[in-house]
Amino acid sequence: MNTPRKLGETIVLDSFAEAFPMAAARLVITADSVRWAETAARVMTGYATSVIGCDLEAGAIERLEPDATPDGRPGVSVLAFAFSRGALEKALVNRVGQCVMTCPTTAVYNGLPLGDQPINVGGRLRYFGDGYQISKRLHGRRYWRIPVMDGEFTCEECFGTTRGVAGGNLLLLGSDRAALLAAAEAAVFAARLVPGVLLPFPGGVARSGSKVGSKYRSLRASTNTAYAPTLRGLVPSELPEGVDCVYEIVIDGLTLEAVERATALGLRAAAQPGVAYLSAGNYGGRLGPYHIRLHDVLNRFPE
Amino acid sequence: MTATCTITDWVCLACGTLCDDLTLTLDPSGPIAQLEPDCGPARLWWERVAQTASGPVAAVNGQPTSFQTALDCAAERIRAARSPRLVGLDATSLEGQRAAVALAERIGAVIDSGSAEARARLAAMARVGRCSATFGEVHARADQILIWACDPTTTHPRFLTRFVDPPGRFAVAPRNVIVVGSTPNATSARASLCLSVRPEQRIAALATLLALLRCAPIRSEQVAATTGQTLDAWTTLADALRRARYGVVVTDSTLDDPVEYEALLRLVRALNQRPDGRFVHLSLGLPGNAAGAEAVLGWQAGYAPDVTFAAGYPAMGVPDLEHDLTIELGSAFNLNRAPAAAVATIRIAPDATVTPPEPAVAIASSALGISESGTVIRSDGLALPVLSVVPSSRPSVAAILRELLQRLPDAAEQGTSP
Amino acid sequence: MSLRLIWRDATRLPVDGGRLRPDGLADLAPAEAAAVRLPVGNGEVSLGDLFAVSGLDAPPGTLRIEGDLRGVARVGQGMGSGHLIVSGNLGSDVGSEMTGGRIDVYGNVGPWAAAEMRGGLIHVHGHAGDRLGSARPGSRLGMRDGIVLVDGDAGACVGQSMRRGLIAVGGAIGPAAGHAMIAGSLFVFGSAGMHPGLGMRRGTLLFGTGIDPALLLPTFVPSGHDRPPFLAVYLRELAALGFKPAGRRTPRLRRYNGDLSIGGQGEILVAVE
Amino acid sequence: MSGRLWVIRGGRVIDPANGVDEVRDIWIDADRIVAPPADPESRPARLLDARGAVVMPGGIDVHCHIAGPKVNAARLMQPEISREAPPRPRRAGFRSGTGGVVPTSFTTGYRYAGLGYTFACDAAIAPLAARQAHHELADTPVIDKAFLILLGNDHFALERIGQGRASALRDYLAWMLGATRGYGVKVVNPGGIERWKQAQGTTSSLDDPVPGFDVTPRAILTEIARAVDELGLPHPVHIHGLNLGLPGNAASTLELMKALDGHRAHLAHIQFHSYAGDPSDQESMASGVEPLADYVNAHDHLSLDVGQILFGPTTSMTADSAVAEYLHRLTGRKWLSHDVELETGCGVVPIEYRHTQFIHALQWAIGLEWFLRVNDPWKLALSTDHPNGGSYLAYPRIIGWLMSRALRDEVWAALPAPARSRSALADLDREYTLAEIAIITRAAPARMLGLADRGHLGPGARADVTIYRDDPDRVRMFELPRWVIKSGQIVIDDSELRAAPDGLTLHNAPAHDDAIIPEIRDHFDRHASIRFAHFPLRSEEAP
């Protein structure tokens, strides 16, 4: 690490986040009330923190005014990321089927340009209609209407996908857990102001940072020993003196630029008293094609 | 003629039954002395058509002239025409129709030959097909006769007495006759079941019957509101149709709505889904040779009943387009035909020179079934030979058309094909 | 380059206007276009004899026709691209078998408009005749895709055997609307003729301003009330296309299923408020 | 005489009926082929230079459907076909028409001529439809025609068979041919149509009773075959058997072949009758050709036409109304059915054969198996049962498959594997020679129809000659003959139609005992809807 840069009292290490592409989709869920749209979105994006252990990274629930939804009802948008379009399709079919179709009054629409490589969601859910499903096609978009007990569940057939960016991250290092968590919350709040980003972990914050692999063969990832304060002395540690607590903020975005901007906003918001260092996690540059250098994003996205 | 003359097996063109079993005795002066069996429409038709034999052989602008002069004049007008139209194909024999279609093709004419019934039937048939039979099959097999919105007792007096009243090879008399339509009428008087239905209620009635055959859950109050009869009444009728070993639905030329026609043909088709019964539809035709016109157009042009040759090849015709010349065949032939809307430019008919309105060119032909022989086709598809029974010096429609064709040589036709 | 044709009213005989479509005509110079032959009755005449032909300052691929062309059939038939704008009436078969592009008619069109249409958009700002968007005799399928908007009334058998696409009629519709529909959407915002939906297999027939339910065939059974979300999607789309009769508010609807006489699963939606 | 004498010079003449396959001249005088003039110096009035070309007799179609109300109903029921196929505009001397698989009558004649065919036999005309059929055939130019009349469900015939009155049956057939100006006798689903009209299903075995008549299909077949033989008709009884199109029908076809032992018989569109499997399970279908072909190879009383199918849309039309109903239920397509009193039925259904469809793929292979498994080409004629299996315009493609294993393999490779596992077509290496093609397209059909002066190029033969370019692309060669000569007149030149004379309609009127007539008259008076007097054609109606 060379030339540390300071934001206030906090040292921003010259580290970088190593991000990689993921298939991303944006769903618009509408309902008779925004409450039910949100409920569906929340349930649908549950257990969607990391594709290390989930089929999807999803969330970023945003309210949409009736004028901004396809059917003129209140709604929300949701972002979803997965390793591949195939995985994305499979996960969305399952989640929309289990969590949105089941939810009173909802409908689901595609929230991205269809593009030339869309995934098929409504077309797979339609069979729930048992032959009574109705297809409607308008201007090249197909909507499936599936009869359900409160009327019908409308689900668009195809969802556009985009090559999103996942794995953007920030690490907050400090000694006062309460202060550190407060700073992390502020960083999350700031990063989420950027449209098109998803902070998939609980409240946007992860404490169980991971490394690749494990002594147990069946485990793909295990605890990030180098950043676990209690393991100092047992394993090579990355933690400077006086650091007793680390939080990670993981950032996915529809574009690299969104991730970078969110990183910059997060850094600035996180630089609070009690945060000794800000850093980012990487694998030495071997895994992901995108390197989000902390100093660089601070320069490119000034206050 | 100097003595009464008797003709057996006379083919009568007065109605669509096209009876071919009449015995006709003529007075020396011409009128019918005796007709056996007697038939009102047949007498009326004979009198109407036979009396036309007295006029001049040809006329141009109302002035009697020679046959040749009239033909020359007709040819000249045809050559000048840019949108000629040919009507009245039903009034001539198959031979005349073949010549007429040849003429229409050569001059790029539009043929309006269809009755509204023919248009509706052929449109419906092109969508769903049709299950039908010859009259003799009705006679031989039918046990249930559904008379749909017509009154054959009045319009086709001998249809029922020839083919329905007597027992047939596989059918005992009396057969079960059911009437649906604007009753009471002469036919409903003899029906075992009779449902009074207004014309605008018939499609709903057909839908109801179809639904009943499928055992679909339909709304009884809506059945009553839209068909004018209770669901129970239709259930009774549907049960009767279901029981038919060989059922027949009979319609006539007043069935002119293609949508109703299609529903009816679908009903007949659905009744054939039963493993133990057949059902057919029979359309009682118009007088004359309307079915022949459909046949000839079918094999020569591929379409019926309206065809246009304007482009130099046959295409499905559109009735009622603007035209600048009308060639009309057989104006007095069909008792029911409304007079042509426009004055014909060229009329070729037994009464061409005597019946108003006066055409530009009138050429009197012999009269098919009286003074002209030829072939006609019954609405059930059977072709019958018609023989001249009163000699006439006038040429047949076919001969006149062939003469006309000779005056319109092939070479004049260059440039109309794409 | 775009073209403007002004009807000279030189004939009343039937004209085959099949060549009057922007693709193929609009990029010709006026003199070239005037030399195009059009079938009239049993012969042919030059387009220039029927129309005054001039250039037009408009986006490329625009063909503008002016005059009362009710005797001219097949205008825009089979057209695949471009914009055809007609000020005046047209005869039969307007835009039939069309695959793409847009037709605007500020006037009335005859029967068989949009017959077996496959794509594109037709907006009739006046009335349309019988068999709009329907199947040709003997064909299994009527309109197969695309959008037809009629601000005024439409005739009988609209959307017969329609397979896909959207027809919206602002005014009254004739009898047997949606006859034997296979799928697709037929929206009507005026009054209905007799027997709507007869023989419907699937598809949607909407009466957006309500009709007397007594009109419906007994083979359509009521299946409750709803305000289906897809309809809002459609209405917003119609509004975006400049079709005013639809309004933006999604009405509450009563739904009827049928036509049970043929085992159909179509829907008739009738606005109830 | 020599003023009219002309010659086709130097072509490779393939005339299997006369054992000829060599370069030689063909001399023509008026409408006949004549021996070369004795004087080697004699100059022909015209010389047609056919050097390098292949000269064959005009083609003869033994089984097609080109006339009568059934064909017309197919046209009127399907305006979409006429509308979608390119029309034929009129030009001086020729009539216009529409195309597609059921073209108009004029187009039918022109197209047959364009294909090098000079004779076509419509295989199914109801006697009551004969009057109209003659009108249609009179409007079918260039080619000569004949038709077969349907008698396998005829009440009068069935009654006489039931009564065991062979001579009455014989007299009736003879009278009927004269009355209808028919050429021969056709039996379609004997007794089965009558049974179907009685709503009792069709007959499925040769020994099923026909209710109301004391007969079985077996009795109908054998008695009519016997009567036709005894009348000495040029064409044997022409049979469309039982169970057409049903899996497992090969068994009843073999029974039928055996039942006809001792009689001449022609089995029509045999492809449709050669399926192994279980009738109640479409998926069980397999080729049943081999044992049937073995039987045909071992016996000499039968001739066949194949009824090859082609992939694409076509129209099924048949007197076997039970089959049409079956097809309608299978396909859900529109269905025309017309019952004809005393005689027969009629059914029309649009159909599309798809190479991806198991049954259709198998049908294609089964048809070709027939061509390749019957050793003696004289027993077999090329047909598509036009338009049932496809249009006659497809004959050149079939010829291509017969002459080239490689062309067959191209199609075979694209067929679904289950179909390929149910036919041994791929094991058959045989490739037809040009002479064998000449046999199955002209010489054999002429012999089957008993047309002594057709199907060959010997002196005395009718001067119906087709001259092909010797094109290694045999499909193209047979699609576009260089010249076609009909009755001595060149009608196709440079593959273009140049003349369209009217053709003849041939018929047979064997002698019969007039004593049968009162019986027939009585039958008509009791059962027919037209008078007996109006049944027989007058001489001017069918010249």
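Here the chain labels run A, B, C and D in written order, and each chain numbers its own residues starting at 1.
Following the convention adopted for this analysis, contacts are C-beta pairs under 8 Å (C-beta built on N, C-alpha and C of every residue); 3 or more make two chains touch, one makes a residue touch a chain.
Please read these numbers as outputs of a predicted model, since none were measured by experiment.
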Which of A-C and C-D has more C-beta pairs touching across its chains: A-C
For subunit C paired with subunit D, centre-to-centre distance based on mean C-alpha positions, whole Å: 47
Where subunit A and subunit D are represented by their mean Cα positions, the distance between them in whole Å: 73
Centre distance in Å when subunit B and subunit D are each reduced to the mean of their C-alpha atoms: 34
Shared-contact residues (touching 2 or more other chains) in subunit B: 122, 126-127, 309, 311, 316
Where subunit A touches two or more other chains at once, by residue number: none
For subunit C, residues contacting two or more additional chains: 137-138
Chain-to-chain touches, reported pairwise for every pair that qualifies: A-C, B-C, B-D, C-D
Subunit D residues within the subunit C interface of the complex: 77-81, 83
For the subunit D and subunit B complex, residues of the former touching the latter: 67, 69, 71-73, 75-80, 82-83, 87-93, 95-98, 103-106, 128-129, 131-132, 135-136, 139, 155, 197-201, 212, 325, 328, 334-342, 348-349, 526-531, 533-534, 537-538, 541
In the complex with subunit A, residue positions of subunit C that touch it: 145, 147, 164-166, 183, 185, 202, 204, 226-230, 232-234, 236-237, 248, 250, 265, 267
Partner subunit C, residues of subunit B touching it in the complex: 81-84, 107-109, 122-123, 126-127, 200, 203-204, 206-208, 210-211, 214, 216-220, 222-223, 225-227, 258-259, 262-263, 266, 309-311, 316, 318, 321-324, 415-416
Residue ranges of subunit C in contact with subunit B within the complex: 12-14, 16, 39-44, 71, 73, 92, 135, 137-138, 156-157, 161, 175-176, 179-180, 194-195, 198-199, 214, 216-219, 221-222, 259-263
